[in-house]
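The same subunit A turns up in both complexes below, where it pairs with subunit B and then with subunit C.
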Partner chain A sequence: MDANQQIVLDNLSVRYRGEDEEALKGISLTAKTGQIIGIIGNSRSGKTTLCDVLSGIIPNIVSSHVSGTVRLGEFSPFEAFDEYNFHTGVVLQNTAGQLSGLSDTVFDEIAFGLINQGMSEEEASKSVVRAACQMGLEDLLEQAPDTLSGGQTQRLAIASEIAFDPEFLIMDDPTSQMDPVGRKEFFEWLAGCSEKTIFIVSNEVDDLCEIADQLWVLEKGELIASGKPLDVINQVAEGHDLYLPVVYRMAKELGKKLPSGLFPVKLSELKGCFDDQN
Partner chain B sequence: MTKIEINDLKFTYPGDNFGLKIKHLTFSEGMIAIIGQNGAGKSTLLRLLSGLNQPDSGEITVEGQNLNDYIGDKRLERIGLTFQDPNDQIFNATVKKEVEWGLRQMDKSETEVERITEEVLQEVGLADKMDENPYDLSLSERKLLSIATVVAVRPKILLFDEPMMSLDWPSRKKITAIFRYLADRGHVVITITHDMDWVLEEYEDVYAMAHGELVYSGKTSEFFESPSLVEEVGVLLPKATEVKRELDRYLKEK
Partner chain C sequence: MEKPEMMQENLTRPWHERIDPVTKLLLIAVLTLLSFVLTNIFAEAALILATIFLLLFSGKLGSSMKALGFCAFMILTMLLIQGLFYPHNETLAFSLGAIAFYQEGLTYAALLGCRIIVIVLATNFFMRTTTISENAKYLENAGMKYKTVYLLMSVCYILPQMMQNLKKIQLAQRARGIGEQKSLIQKFKTILPILIPLVIKTLDQSMSRSISLQLRNFESKKRTVRALRRTYLMDKMFHRALGLTSIILIGCKVWMLINK
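Up next is the complex of A and B:
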């Protein structure tokens, strides 16, 4: 595989200053770029820490004891951070905290970073409208950012990042405050993001199983499974107290397995189980 | 025994077209779910029930007395509210102090305050974070803390706005168990939620709101079996219901 199309995490460990225990313990993984990677796990499993490393916040902004390698294509957050930063978009868990706070309108907020990068106003304006439409904010462009609901603020933070058209997008629980319709629209949008590499931390395991190419499962700082959702969910279903997707639970109840002996995790796979019987 | 009764309730926010209108509604002990789209009036109803907002007209009574007759610790013993955004209500320097604060308003002994605080933080899974600053916690941990502060006081009526938001699976099970425990012991546990799978699994009855009015109250299963009701209220079907339907449709077509 071309090294420039590879994601490599090698023996990555993180320990916060003043803490005895490591927040991430020797994570090693490789994956292809251009995929949607869902990161799941319970509270305190290290999901946010991993996001903070992938976004370069650790150790460039929050200093911690970090060892190991992180490489997204040709970029590494531990080497040339400015360049890395330029190619990555980041949506933090606390979205309100990442907005500039300087913009009077949603339009200006999305344009803020673009103008700062030296983009012409005309070009920036096009990018703003494109990003706003993708996040369903087109009717809110003239509204003040601080009047938005939690879910709208999350969509604004995402729009501000995708306006740059970054190659890598890292999102930490970006739908936590969206209503169900907003969440559904977001995952439909995400499913259509074919060229970007996307890392998304989420508790929405049903949605992730439908659209993610890979799932990474963390538990107490360790990687306990990684790979296709089908394999991963079947692997962690017992003994880990994790949420299991509706399709998986239903298939198990009905006793429907795939030819591989695994229980399906997405709707199309479940339907397929019924084909095989005919 | 009926705990809360609403009659001819009307409320509008100043300078806003939105209005809440409820002719008659009663809540008794148990777990109660309120569903509806954003802007349907769910949070406004919770604010009125907690006394944070006053109705333009009509009356809310609790155990036969007007809500406004309860003041000070009498009010705290009756009603507790958690906001959707935990940051709207957390203000103490440590997790422990945050939980103790409500208890201290209620004339409890210092040993009582300590015992209850430890117990509740144990229940929600925050015992080891007792001395941390709430703002060093993750969003889901702050959410758990805001729930703990209200549960600690054990009011007769507990009001929760999206308690499950951003919680992981073990925490969701813990919170459901706490709600069930309180409901079984005579508390009225009223919850606004967007989580339809949780509603279908845990709530026998559901209250649905749309455009500031109550449009359905009754069996949860009947609600989700009525396409016209689900459409009027504007919620999504529970995932379990949706997968079942998709599968049935697929098998019929074959």
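Up next is the complex of A and C:
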């Protein structure tokens, strides 16, 4: 595989200043770019820290003890951060804090990053409308950002990042405040994103299994599994206190296995099990 | 040359929206300096009246009263402390039992209070008649660095942000069974213990915003300066006149300090 099309994490460890324990412990893996990578794990497993490293917040903005290598394609957050930053879009866990605070309207807020990147106002305007439509915000463009609901604010934060069409999109729990319909629409949109490399931390394991190409599972700062959702969920189902997808639990309850001997994690796979039986 | 639709839009806008943000900022500076140059309480009262008229004619007086309420406690405290302990206290104004209040201290505190009111009202006129992005756009177009613009705007809007946080914390307090505070003393008693979390919350928000701004290429040299969609009434003339007035007032104050 071409090195420029690879995501490489090599022995990545992070320890926050003033802390004795490492938040991430020797994480190593490689993956192809252009995939949707779901990152799951319980509280304090290191998901947000990993997002912060992937986005370059650690160590460029928040100082920490970091060792190891991180490379997304030809870019690394540890080298030439400004250049790296131009290719990555980041949706933080606290989306309200992500807003610039200098925009009177949703339109201005989405345009903020584009204008900073030197895009002309006309071009920026087109990109804003495109991003707003993708996130279902087209009717709210003239509304003040601080009047939006939590879910709408999350959609605004995502729209602000996808507006400049980044090569890599890193999202930390972007649907935590969305209503079920908004969440469903978001994951449908995400499933349609091709060519982009997307890292998404989420507790919506069912949705992630449906759309992610890869799952990375973290536990107490260590990577305990990575790979296709089917393999990963079957691997971590025993011996780890993790939320398992409904499809997996249902299939296990019903004793429905795929020909490979694994329990399905996607609805289509479960249907396949029933079809095979008939 | 203004486009006809722009001219039409400018004519339909209320007068306070046709005055540019820099003129308004300079107006705050002039009113503040004037309040420091004046030493007569009646002249200060006239200045307060002028700022009240400014807000009244822009239709923003009602919403500015809340800000006055916020500083009323501070002014009352000043009156109390200066009325009792001002070093030049000589003439008895009135006494409450054994506690004597002096005229000199009360006058001095009233003068300081008037200055606070003038500054608060003038700043309110600026904040309530312009939007953040309009200010930012105008100042950036005027040649100010965007980082400086952001800093200036953040300072102007930190108090409203803290007030918003305060309201949220108070709402949470009420949800936990703390009754609505009616008197000023009751309000003060409930605000005091939440001051530290309030400051921490505001600082935390500022920290998140700072991270986000860096990620969103806030300091990029490539940044496009956005064109102004509006034109303003005699902006250059106002800038010169108010700028000159500010310099004269600073000169007056320095002269007064030298000849004291």
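Quick note on the criterion: the second predicted complex is superposed on the first by the 277 of 278 C-alpha atoms of A that agree within 3 Å, B and C clash if a C-alpha of one lies under 4 Å from a C-alpha of the other, contacts with A are read in each partner's own complex, and residues count from 1 in each chain.
Convention: contacts are C-beta pairs under 8 Å (C-beta built on N, C-alpha and C of every residue); 3 or more make two chains touch, one makes a residue touch a chain.
Here the structure is a predicted model, which is why all the values come from computation and not from measurement.
When the two complexes are overlaid on their common chain A, residue A:102 makes contact with subunit C while staying clear of subunit B.
Residue contacts after overlaying the shared chain place A:267 against subunit B, while subunit C stays out of touching range. Once the two complexes are laid over each other on the shared chain, residue contacts for A:19 go to neither subunit B nor subunit C.
Shared-chain residue A:94: touches subunit B and subunit C both. Look at A:206: by the touch rule set out above, it reaches subunit B but stays clear of subunit C.
By the document's definition of touching, of the two partners only subunit B reaches A:184; subunit C does not. Of the two partner chains, neither subunit B nor subunit C is touched by A:142.
Touch criterion met: A:43 reaches subunit B, while subunit C stays clear of it. Common to the subunit B and subunit C contact sets on subunit A are residues 94. On the side of subunit C, the complex with subunit A involves touching residues 131-134, 136, 150, 153-154, 157, 204-205, 208-218, 220, 222-224, 226-227.
Subunit A meets subunit B in the complex at residues 41-44, 48, 93-94, 149-151, 173, 176-177, 179-181, 184, 203, 206, 241-243, 246-247, 250, 267, 270-271, 274, 278. Residues of subunit A that touch subunit C in their complex: 55-57, 60-62, 82, 85-86, 90, 92, 94, 97-105, 108, 112-113, 115-121, 124, 160. Listing the residues of subunit B that touch subunit A in their complex gives 37-38, 84-85, 138-141, 165-172, 194, 196-197, 234-236, 239-240, 243-244, 246-247, 250-251, 254.
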